[in-house]
Structures are given as structure tokens and as C-alpha cells.
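Below, subunit A partners subunit B and then partners subunit C, in two separate complexes.
So, the complex of A and B:
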């Protein structure tokens, strides 16, 4: 009977382990599966096509160029075609049942609503065929019928080049959304890097103080206090940052805006501290007593022992602590969302707004049409973030393994 | 036994009349109030309201996991097509209007702006307040998140479909825009009329190139002199029309519209 119970408990534990592993794997598979379709998705909004007059020599317009045209940064076809033969101003048209009324009055379109509805596709095609400079954004279902005098431009797919190295993240621009994630990646790394630069010396200092210098009474108060820091919800940190730190940074540094990479870094540093302190302190305390005593016996002072024996011995543990702290800072969402200002620009200074990957996903996923290009782009962003944190965890693992091998 | 059977049947019946509303966080407080008072008036009706964003609501409508999608933007063509592919038709009902107020820091001298100036500021062509008659101060433009319905509407209506400048600050919620504008001297942002308070100053907007400037208020939005007004919409499909009709009729009734104005939105005429 006892053996049976023991056996079944073993089985239950094994099953728990299996379930956890499978769940994690499924989440990862889901993440990559949802993002996978992105590079096959069309650059322009689904269900629409870009059309020009048949006389126009152009075959394909890239997404960044389409955006420039719609923002009036490119106004003449010769800028795109490259030679002066087609020196005609670009006329924009959108097939969303509004623009058409600027060209035709009600009489031409028909009397009642249904008639207008039925007439619009025909009139749209007529309009494009008769306007040489027109760039039209047309519903695909309106195109099928016949297309005399009209050229449908080739549809590009979202290119990985534009995605990973693009400088603009404007996911809802119509008709050509811009998915350049470079500012987001750099923003995330920038904020985390500075956070860790602030947190590392502080964290290691506190860890050394706690494990080597502090009296046990002070330790008994300080240690739980630091652990409490880890338990504060991140939204509370974010709120504190927005209401207290943001105006403070803005006033003391005389900046036009207080939501900056620096503000976020300070808060993330505070949030990464408990991780760094706890792990580093454990590493320092695990220095064998024999080594300390040997050092002291050789005549070294307490301080010499700390920086010549204890810290070198615990070095890999301390590095692992720092790497784990980076991981904490990179994945932090709520604080980044509230205090970075969320401006998707490539960071050039510490005192300007940035936008991070987790904040982008959190802010946009709720409103992105399910299964669309924007939705897929956010999932690929998730994959990128996952790979970054995976690399960090592996590094931490490798570093702390080295410590065990080195043992006495 | 009979009693148990009866209650089971009753609860099953009430599940049948139960309905869910999902979507825009802007419309959420309104829908919640409407649902509460509707359930008070109709004892066996059950309406569940959740938020998540306009996109979430419309996705749920496509998947058939909600009866009504609440939205602060028009349904996209792609989304409409997905519903049609499943064999049903989308029906749109405007339940209220929301005016957007352009706000600046109370210390800012500027109190009138034209649409063209707003376009210049939010697309990054105007970068200093002295260009629009204010102090020599850098303009810090705050926007909502790229995928919020408010963001889309402001872009369509005020920027005439041009894109915001690349480096615009985007905030996750209207509350944070109010907070940031109130503590940043050079700030400008846009918020729903219901969020307007003393911490920020509302700008009078002109859509006729500076001839008349109209301050945002429920009154000016109602008499159509204030231009930046957007509809708040319920979407449902023709398949669930009979189930959702009583609730929607209630929202459009005098009692329902009173809740609309209590919350700070503008009633439909």
C-alpha cells in the first residue's frame, strides 16, 4: 500500500513537470505561429489595391513611398519614376465612399442609396482611367469587373528589411502602415542599459554591505525591506514615476518634457535592485569560510579580504545577478508604458522620450484587428523580445555554471 | 423536485436572454451604466459589459463571442468582410457622440488655434509656441496610442488623414494625457470632453481659417458649431438582432440618453 502511494505521488510530480513544460512550449509555439504570417502579408491594407492610370510607367511603390505620397512629401510622379517623362502631379483618391462625391454629383451617381452604391465602383474606375496623375486606393472587389485604362500596382509583402531596420513605427497609417521596429528595439535596450548602469553599483554595494559589513540587527531589518521592494506592483512604480519623478526630472533638468528614457531608467533601476541584491548577496555569502579565514590568517585586513578574495570568488554569481537584473528591466511593461513618453524615435540622448517593445505590445494589441498585419507584427515583436530575454537567461545560466565548475 | 426543475428552466431562459457587450474603453463606462439601469428595469435580462479596446470588441463580434461590439471608430472594411464571410451582416447603431477637446497647460497664453495650425503641430511642422502666437517655448505634443479609436479619429478629422510626426509622445490612457499636459508647460494634447477639468486649458478651435473660434462644450457640440465630434457606435449582426434589439432600444430611449448626458457624452438628436 505504501509503495503504491509513493509510486503515485511520484507519478503526480512527473505529470506536473510535464504539464508545465508542455504549457511553456505551447505558449512559445503560439507566439511564433501567430507572428509567422507577417512576411507574407501585403503592405497595403487587406482587401484594397493601389491603382494608377494605364499610361503611368510605374509598376510598384514601396510602403515608405506610399506613406510619403499620402503625407504630401512626394507630390509629383517624376520623383518616383525617376525620369521626366511622366511629369504629372499626383492626385490622391480613396475608395471609401466619401472621395467619390467630390468628383461626381448626386445626379451622375443616381437617385436612391442603393443605386449610388451600385454605381460607385463603375464611376471609380472611370475616374482613374480619365485622370492621368491619379493614385487610387481601391477596394479589390470593385476591381474585378473590368479594368480598362487602369493599372493595378504590384502588391509587395512586408519585407523583413523594412521591418527589422525601418526607422518608423506607424502601424495604423493608411493605406501603407509602417512597421519599422528598430526604434523600439533600440529604445528597449537603451532604457535597460542605463537602468542597469544605475542599479549595478548600487545593488552590489548593498549586497556587500549586507553580507559582510552590516550588523545582524540592521540586516534583519534591511533584508526584508529590500525583498518588500520586489513585491510592490509595477503599476504602483509607474504611477509614482508619472506623478512624482516626471515633473521632478523636467524641472530640475529644465527639459521641455519629463517623460524621458532617463526617468524610466531610474524607476527600472529601483525595480531591478531587489533581484540584483538578493542574488549577489547569496553569491557573496557562499564564499567558503575557509577562504576568508585563510586570507585573514595571512594578515589581510577585512576590506582586503572582501575585495581580493570574496568578490573575485563571487564574481560569476554577481554577474549572473546583473544579467538577471537586465532581464527584469527589459521585460518591464507598465512602467515603460507610463513614464517613457512612448515616442517611437531612435534614441539619441537620455533626455528624450523613447518607446519600448513591451509597452508597444501592451498598448496596441487590444485595438489591433485580430489576425491582421498589425496583430502579426506585434506577435513578431513578442518573438523578438522573447529571443532577447532568452539570450539573457542563457547567459546568466552559463555564467553561474562556471562558478560551480570553478569550486574548491 | 418541481421547484428545482422550474428554477433550472428559468435560469436557462435567462441565459438565453443574456448578452455581452465588448470593446472600446471609451464607451465602457457608458455601456456599464446603461446595462445596470436596463437590468433594473428588466428583471430577467442579463447584460455583461467588458472592455479591451475597439479592435477586441470587433474581433469578438467576428468570432461570435459577443453580441454587441462597442466601438469608438468605424468598423474597418477588412473586419466587415470577415463577418460577411461567416454569413451574417453587420448592423451599426450610433448611440452617442463624444467631442474631443484640444488641451494645453493652463500657463500657456495661446487659447485659439485653427485646424491648419493643429495639423502643423501634430504632424511636426510647427515646433515652437511662438509660431502660433505664444511664448518662445518648444511644443510637446501628446497623442493617444496608435491603435486607439480616439487616435484614428483625430487623425482623420483634424490632420486630414496625414500621419502624426514620428516622434509624437503617445500615452496609454486619457487620464495620463491630462496628467502630463497639466505638468508640462509646452504640452498640447486631445481628450474626450468628459475628461476636461481645471488642471488643463481647453483650446477654442476654428475650422474656417480663423474667422470664428469655438470652445468645446456640450452645448457647442450639440448645436454643431464645435467641429471635432465623433460617434460612439454599437455593432451587432443581423443574426442576433432580435436578442439585442430591446437593449439597444433602451439605450436610444429618453432614459438611456439621459445616462449618456450624465456621463458627459453628447446625446443623439
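So, the complex of A and C:
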């Protein structure tokens, strides 16, 4: 009986041992499940088709152009199709039982409600076929097959090419949202790389100080301080960046806004420091005593021993520390959200607003209707971030394995 | 340049860097304490926000964070400790334990915003728990799981094998050994891990953005299926969105100070427990 109980409790422990594996699998399943529909979703607003007069030479209108048309930044077809080829003003039309009454009166549409209802689809198509400059959003059920004098544009689904290499991220633009995640990926890498460039020399320097030079009294102050630095919540870093660093950067560099890639990088560098210091210090400490003493016995100074023997020996451990630091910076959400300025543009300088993947998800998921195209796009974005961080943690693991093998 | 001189320059650089990091910490802490201390009062801690968040206190946020801590620990602590017992006591150095450790590390390196997405997809939408304390607790619980497992494993590894062997020699079974010898010895360090996880949970913002954190609630949550306010989320919204950011600054400083104090207390408690018990062990 007791053996039976022992065995079953061991089974329970074993089941708990699998919890992290199960969680990772669940995360993968749900991220991909929620994002999967994206590349099957129509490019144009759901339930609508984008139509123009058949005489119109235009074949495709990109989302930014649609947006410009709606903002009246583009008013003439010649601006879209090329110079003077089709010099007609754009007339916007939306098939929502409202616009149609501006073109037809009751006599033409019919007297009672049912008759009007039945007449509208026919009249809408008639209207587009007879108005050369019209750009119309027609309800799919009103669009007959092979309707005469009408051309349907942007029939495709959201393409993965556009998604991964598109230069514009305007997910809420109606009626044709644009999902190009290139600026977000570049923004994320940009911010994290600069952060790591700042944090690496600092972190390694402190790690050397802690492991080689500091007396135990100094260590007793420094170690807890670094632990505390790691313990401060990211939102507090974000807040600190927002109220201290942002105005500071803006003033000293004379920029129009202080929310820049550089500001975020500085804060992320501070946040990555504890990770880098701790891991690098462990690596430096693992250098065998015999190697140090051999170097010292040959007449090298302590400093020469450090940079000619200790650092090369610990190199893979230190690289693992840096890679882990990058991982920390790439995934950081709140700081990126609060101090990067969140402009989804491809970064060209350090001193302009950018937008990162985690910040985009955090800022937009709350407003994206569940199950919609935008929602799906954010989950695909999550998959991308997941894969990036997974690649990073595997790299770090491989590197530190090399360090362990060396130890044998 | 002589090698003595270059050594001197290098070492001074490292020394300055070391203290520079302490300086950064003091700067951040000092700034928030300096600006937040005047806001802190009994009213601030015990009352709900008033007048469009510009007056009153942050009690609902403190309560919400407390609920999240309790909820997520109820999930992460038993699961994490049992998982660590399995890898460290049952399958010590085999392929299984290596696999589990790798998975735990990987889970630990997943960014918190991914947990937010996951929580939204699984708990909020698929299981239909909506945005609630329950959804938030589960999301945060899974987030700190790797931390609980790692610290517990370390605690278990520090128990000397002689104790286990001695227990077996007295005729105890494996389970009895774990129950009466290993766990009591490792207990202080396990608790330290638990406290560190509490610190992590109380500061996380990204995972609760979509799993139930609310900007403002007129009433306190009455069940685990209600939405909640939480300190980190409160700090985020109050410092970035609102009609009058400047007027809300004092509240933001106060919230940041409360949050940081919470984290400081948690950290100090953890290191105190660790030190206290390691001294006691040293005396034995």
C-alpha cells in the first residue's frame, strides 16, 4: 500500500515536472492558432469590395494611397496612375444605404422601403459604371459577378510578402489597413543593439571589478545593488525614463521630441546590466586558479593576466552574457512603450522616435477586436518575437555549453 | 606606457564603472523617493482615486496587486516546487532532467508580453474567463514558474547528500526522506525563491494589460471573476494617458514610490532570510 502511494506521488511529481514543457507547447499552439487566419484574410475591409469604373487604368491602390485619398491628399486619378493619363477627380462612394441617396431621388429608387431596398444594389452598380472618377466600397452581397462597366481592385488576401517586408504599419486604416512589420522589426533590433553596445563594456567592466578586484566589503554593497537594479519593475524604469531622461535628451541635444530610440536604448542598457554582470562574473570566476598563477609566475601583472588569460578563457561565458542581455532588451515592453515615441517608421537615426514589436502589441491589442485581422496580425507579430527570443536563448545555451566543455 | 601604469588606469576604470552602477541605482531610487515622499499619506494608501484620478489614493491598485500575488503564487508555488523536486530528487542527472531544465530556461526567456498574448488567447477568450483576477493570476503564475523552479532546485541542491543517505540508512523511504529531511532543510531557501517571485509578480505590467487590468474601477472586485486595478498598470496609465498629465504627476510619483518600496521590502526580506539561515547553518 505504501509503495503504491509512493509510486502515485512520484507520478504527480513527474506530471508537475512537465509543466514548463506543456506551457511552452500551449504558448506555441495558441500564438499560432490565433494568428493563423491572417494570411487568409482579405486585404480590404471585411465584407466590402473596392470597385472603380472599368475605364479606369488603375490596377491596385496601396493602403497608404487609400488613406491619402480619404484625407484628400490625393484628389485626382492622374496622381495615382501616372501623369495626365486619367485626369479625372476622385469621387468617393460607400455602399452603406446613405451615399446612394445623394445620387438618386425617391422616384428613381422606389416608393416604399422594400422597393428601395431591392433597387439599391442595381443602382449602386449602375452609378459606378456611369461615373468614371468613382472609387467605391461596395458590399460584397451587392456585387454581381461580371457586373458590366465595373472593375474590382485589391482582391487578394494579406500577403506574407507585404507582411514581412512591407514598409508601413497602419493597422487601423479603413478601409485598407496596411500590415508591414519591417519597421517594427528594425526598430526592435535597432533599440536593442544600441542598448547592448552601451551595456556590454559597462557590464564586463563591473564584472571584472567584482570578480577580480573588489574586496569583500565592496562586494557586499555592489552585489545587492545589482540585485536591486534587476528587481526594479520595468514600468518604474519606463516612468523614470519618461520624466527624467526624455526631457534631458530633448534639451541637451536640442531635439523636437525627447522620445527617441536613443532614450529607450539607455534605459534598456541599464535594465540589461544586471543580467550581463551576473553571468559574465560567473564566467570570469570559473577560470582555473592554475592558469592565473601560471601567468603571474611568468611575470605578467594582474591586469595582463586578466586581459590575456582570464578574459579569453571566459570569452564564451561573456558572450553568453551579452546574448542574454540582448534577449532581455528585445523582449522588454513597458520601457519601449513609454519612451520610444512609438512612431512606426524605419529607423534612420538614433535620435528619432521608433517603435518596437512588444510595444506595438501592448499598445494595440487592447483596441483590436478579437478575432479580426488586426488581432491576428498582432499575434503573428507575437510569433515573430517568440521565434527571435527563442533563437537568442538557444544561442546563449550553445555558447555557454562550450564554456562548460572547456571546463572539463 | 609601463605595465604598472596601464594596470593602474584599467583598474581605476573598473572601479569607477562599479560605483557608476551603484550611482545609477541611487539616482533612480533617490529621484522617486524625493518626489514621491510628500505624496505618501494614510489617505493615499487607504482610499480610492477621486476627481478623475487626480486626487485620492491608490488603495484599489494595492489590493489588486495583492490579489494577483496570492493568486499567482497559489498556482506557481506548488507546481514549481513539485517540478523542482522531480528533477532534483527523482531523475537527477538523466536526459529527462536535462530536458526539463532546458524547457524551464526557455520558458524563462520568453518575453512577458508574449505571456500577455497567451493569457488573452487561452484564459480570456478560449476558456472564457474574460479579463479577471483569475486570468491575470494564471498568466502571472505561469510567468514566474521558471523562477520558482530554478530557486527551488538550487535550494534542494544545497542539501548535502549525506543527509539523504543517512535518512535512507535509517530505513526511510524516498518520499519520507524528501518530506522529513530534504524539504525542511531546504525550506528557508525555497521561501527566499518564493519571495523573489512575489517581487517579480508585483512589478509585471505587460502580462496583465489584456488579462483584466483596469484603468479605474468604481467598486472593489468582489470575486475572482472581476476586473482589477494593479500598481504597475496604474503607474503606466497615470503617467502616459489622461487629460492632464502634469496634474497627475504627484499621484504617479506616489504610486512609483509605493511600488518600489514594495519591491525593496521584498528583496530585503529575501536576503535577510537567506543570510539568517546560512549563518545558522554555518554555526551547526
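The working rule: the second predicted complex is superposed on the first by the 311 of 408 C-alpha atoms of A that agree within 3 Å, B and C clash if a C-alpha of one lies under 4 Å from a C-alpha of the other, contacts with A are read in each partner's own complex, and residues count from 1 in each chain.
Here is the rule we use: contacts are C-beta pairs under 8 Å (C-beta built on N, C-alpha and C of every residue); 3 or more make two chains touch, one makes a residue touch a chain.
Nothing here was measured: the structure is a model prediction, and the numbers come from that model.
Contacts of A:345 after superposition: subunit B is touched, whereas subunit C is not reached.
In the superposition on chain A, A:242 makes contact with both subunit B and subunit C.
Using the contact criterion defined above for the overlaid structures, shared-chain residue A:224 touches subunit C, although it does not reach subunit B. In the superposition on chain A, A:395 makes contact with neither subunit B nor subunit C. Ranked by how many residues of subunit A each touches, subunit B and subunit C are led by C. Shared-chain residue A:26: touches subunit C; no touch with subunit B.
In the superposition on chain A, A:366 makes contact with both subunit B and subunit C. Of the two partner chains placed by the overlay, only subunit B lies in contact with A:256; subunit C stays clear of it. Once both structures are placed on chain A, subunit A residues 242-243, 337-338, 362, 366, 370 are touched by subunit B and, in the other complex, by subunit C. Taken in their complex, subunit B has these residues touching subunit A: 52-56, 58-59, 62-63, 76-79, 81, 123, 137-138, 140, 145-149, 151-152, 155, 161-164, 166-172, 176, 179-180, 183-184, 186-187. Residues of subunit A touching subunit B in their complex: 45-48, 67, 70-72, 94, 96, 139, 167-168, 170-174, 242-243, 246-247, 250, 256-259, 337-338, 341-345, 352-353, 355, 359, 362-364, 366-372, 374.
For subunit A in complex with subunit C, the residues that touch the partner chain are 2, 5-6, 9-10, 12-14, 16-21, 23-24, 26-27, 30-31, 33-34, 202, 205-206, 208-210, 213-214, 218, 221-222, 224-229, 231-240, 242-244, 270, 273, 277, 301-304, 306-307, 324, 327, 330-334, 337-338, 358, 361-362, 365-366, 370, 378-379, 382, 385-386, 389-390, 392-394, 396-397. Residues 3-4, 6-7, 10-11, 13-15, 17-18, 20-22, 24-25, 28, 31-32, 78-80, 82-83, 85-87, 90-91, 96, 99-100, 102-107, 109-118, 120-122, 125-126, 142, 145-146, 149, 173-175, 196, 199, 202-206, 209-210, 232-233, 235-236, 239-240, 249, 252, 256, 259-260, 263-264, 266-267, 271 of subunit C touch subunit A in their complex.
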